[in-house]
Amino acid sequence: MSDPAVRVRDLVKTFEVTQKAPGLAGALKGLFRSETSTLRAVDRVSFDLARGEMVGYIGPNGAGKSTTIKMLTGILTPTSGEVTCLGFVPWRDRRAYARSIGVVFGQRTQLWWDIAVVESFQLLREIYGVSGADYERRMKVFDELLEIGRLLSQPVRKLSLGERMRCDLAASLLHEPPLLFLDEPTIGLDVVAKANVRAFLKEANRRLSTTVVLTTHDLDDIEELCERVVLIDHGQVLWDGSLRGLRDKHLPEARIRFDLPAPADGDPAELAVGPWRAARLSPGRYLLAVDKREASAPDVIREVVRSLPVLDLAVSEPDIEEVVARIYRENAALRRPDAPPASEGAAAGIVAHRGVRRG
Amino acid sequence: MRRVRFHARLLALYFAQYAKARLAYRADFAAAVLASFLGTAASFSVVLLLFSRFPHLAGWTYPEIVFLYGFSLLPYGLFSVVSSNLWDFADRYLVEGRFDRILLRPVSPLFQVLFESFRLESLQEVATGAVAIGWAVSRLPDVSPLGLALLPLWAVFGAVIYVSVFGLLTAASFWVEDRVGLAPPVFNLMSFGRYPITIYDLKVKLLLSTVIPFAFASFYPTALALGRGEFLPYFWAVPLVAVAFALLNVALWRRGIARYGSTGS
Amino acid sequence: MLATALSSARPYLAFARTSFLNILAYRARYFVGILTYFFNATVWYYIWRALFHEKGEGATLGGFTFPQMLTYVATGWALRSFYFNEVDRDIASQVREGRLAMTLIKPVDVQAMTLSQALGESAFRLVLFTVPIGLLLVLVYPVLPPVSPAALALYLLSGLLSALLVGAINFCVGLVAIRTTSILGVLRAKYLVLELLSGLLVPVAFFPEPVRKVLVWLPFLHMNDTPGRLWLGLATGADAARSLGLQAAWVVALLALGRLLWRATARRIEVQGG
């Protein structure tokens, strides 16, 4: 079990993009030839996944998430770099490798659109050579966890998004693949459906020790499911580690919100609290944000309570959405022409940049 | 061999599942069969209108022309049953991104594209063709029994030729950015393999026998049954042409899929 | 009056221009398309040649001499390259994919929008398909010129009406096809039936008398048979006027039918949400 399930080294994918000149003249020109430019969608990405690990692969739109997943599943061939999944090179051994993985694209179903769900499962059973006994047993489990029993007789096109996703998840695990890729599995689902999907994934990961790679926009998915996140932007890995670590590194803030009695002459927009400054949120309500590396939350609270007639007080941390949004923003700022070149390492660049802003 | 058995079993299952779903909406299916039959009747009428006034055309009797036309419906019908996805492959698979899902399954991609859905109503064409052949045979003095016996098999080869030619054209959409694809214009040309090839001049004969070998799908296969000795070499070449074009098609799809893997579109 | 007409046409001109540009992008289809039309006409040249040959030199068939028949074929295929559109397929897929639900809340007329798209496409096809195809056919085959300048004018007018007629027919066909699950199957059958009934493949004069009597009361022969006969001078004077009048009347009638069908479809979209 020392071999990683997935090993990715210096993975690069570039695309030629056709440029269409605007207008009638451009279209006429396009009739005979067209201009292209190169887009670097994935840029030297490396990581390992241990067997049974569940990792979140996140990044803003167009960051290169889907392109990476497509290379890991054998759909796309990389421009350069190495990938070994379960001992296969995905794009080279595509068909043999396909037997060992399950893939769910949240946006698109893998089931046949017009036929009843159960018929789709029959086809998949045949395709993956699942024995009759295994099939019965697994379908029973799926029904327990995902309640797909009553959906089986309906054609896929008649299912709601949440119902369809449950069926898709079951379909992707019908052959009990050791490696599962999920691309936006909760997109468009309501709260209950999301909870179902997450519970199912946890259970599958626990029982079968399936290795799971999950891309998502919904960071709640990650918080609930993944110990580890790989954050990518502009094709490069900006962070690989725990979610906690990501927060501590990029936005290590403690936030103390407190209420004061309304003064007769109106309250000031800013309030000095010891060496720190609190900003007014609304009349009588202030927020004090401090860098946790400079002061501990209890110290700050003590100072607030000591120096002000506080009526009420609450402490919070920035939520993960905010942390990630800040990283994207900073990375985007870094990529402006006047910013230092990105080649010196984007992650390092971000830290330096943060230091400047907050210094 | 195991792979052939696997794919044959899968094909049967695909077909059964699809037919079951299709027949669940009986009235709709009946309407589709009717529409399909109207189309066949219309194109058959063209032949009847033109040739029924002549006892002979370029050395072909009227029943022979009907035989030719009737036979042409067999490979055409079989082709139509499986070609529905080729028709809008670029749109449905490449633009809408369904091809990714195809690549994620441990089954030949071309196989999946061909057999993911069927146009069941086109079996009507096979039946109509068989009836037309039956009528023609009843008026023709000496039809070769061996030629007749081989017709179904040759019809399958013909269908393979059609599928391969359109498969090749469809594979072009891996390279050519074109929502509609090249297939529709060439589709029109299929009907011309249905007339006696002797009416055309050398250029057209060459075209129908080489680049777009539709004559091998629907004209030459009748040579043995109708006792046309001069076309017998072509008759026996039909299986070879079918296999050659099928291999060409598979090879081009391989290249196309490799390209898809590097461009993602 | 003209100004208001122009300004109300502006959004439709934009639609027309968009479809114009869209086609330009499809270069491969373009070159293959030209060749296909040429090849279709070529094969029909050979079929007719064989038939006329059977009858003997200088013979007439259905009232056509061989040069006239060849001209009928050439002008017919050239015209098809002009009036061809896929309004039926477009409208059907738009309804099926629910894209028309949005246009219901916009102040545009769906039929007018669709037809201006079709006419935009036709204007475009005139330049890029019809003219090159026509030139190619005239260069390769002994196509007869129109019998008179008047015949040419009538052919052009009739050709324009054909484009409108095909647009109107296809709009209806698309809305009917949407009621089945095999839209493509219905559309394919439509092509085969219309190729027969329009006179594209075989002039209406070749049909048996009883069928012909029915056909003259249907719109389809105005797609090809009417313009073809005008070019050849086989319909002149009162006959020509009557044919054109009927053709125009059919355009109006089918547009009206299209509106009715669209209203029914729109109701369904409103009820079912697409």
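In order of appearance the chains are A, B and C, and numbering begins at 1 in each one.
Simple rule for what comes next: a contact is a pair of C-beta atoms (placed from the backbone, for glycine too) under 8 Å apart; a residue touches a chain by one contact, two chains touch by 3 or more.
Here the structure is a predicted model, which is why all the values come from computation and not from measurement.
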item: B-C or A-B - the one linked by more C-beta pairs in contact; value: B-C
item: Core chain by centroid distance, with centroids computed from Cα atoms only; value: B
item: Subunit A and subunit C, separation of their C-alpha mean positions in angstrom; value: 52
item: Length of the line joining the C-alpha centres of subunit A and subunit B, rounded to whole Å; value: 47
item: Distance from subunit C to subunit B - Cα centre to Cα centre, in angstrom; value: 27
item: Contacts with 2+ other chains: residues of subunit C; value: 25, 27
item: Subunit B residues counted as touching two or more neighbouring chains; value: 177
item: Complex contact set, residues of subunit C against subunit B; value: 25-29, 32-33, 35-36, 39-40, 42-43, 46-47, 49-51, 53-55, 180-182, 184-186, 188-193, 195-197, 201-202, 206-207
item: Interface residues, subunit B side, partner subunit A - complex; value: 9-10, 13-14, 17-18, 20-22, 97-98, 100-101, 103-107, 116-117, 177, 258, 261-264
item: Residues of subunit A that touch subunit B when the two form their complex; value: 15-16, 18, 67, 70, 73-77, 79, 91, 94-96, 98-99, 101, 103, 105, 108, 110, 112, 114-116, 119, 122-123, 126-128, 155
item: Residues of subunit B touching subunit C in the complex; value: 25, 28, 31-32, 35-36, 38-40, 42-43, 45-46, 49-50, 54, 56-58, 84, 87-88, 119, 121, 172, 176-182, 185-186, 188-189, 192, 195, 199-201, 204, 207
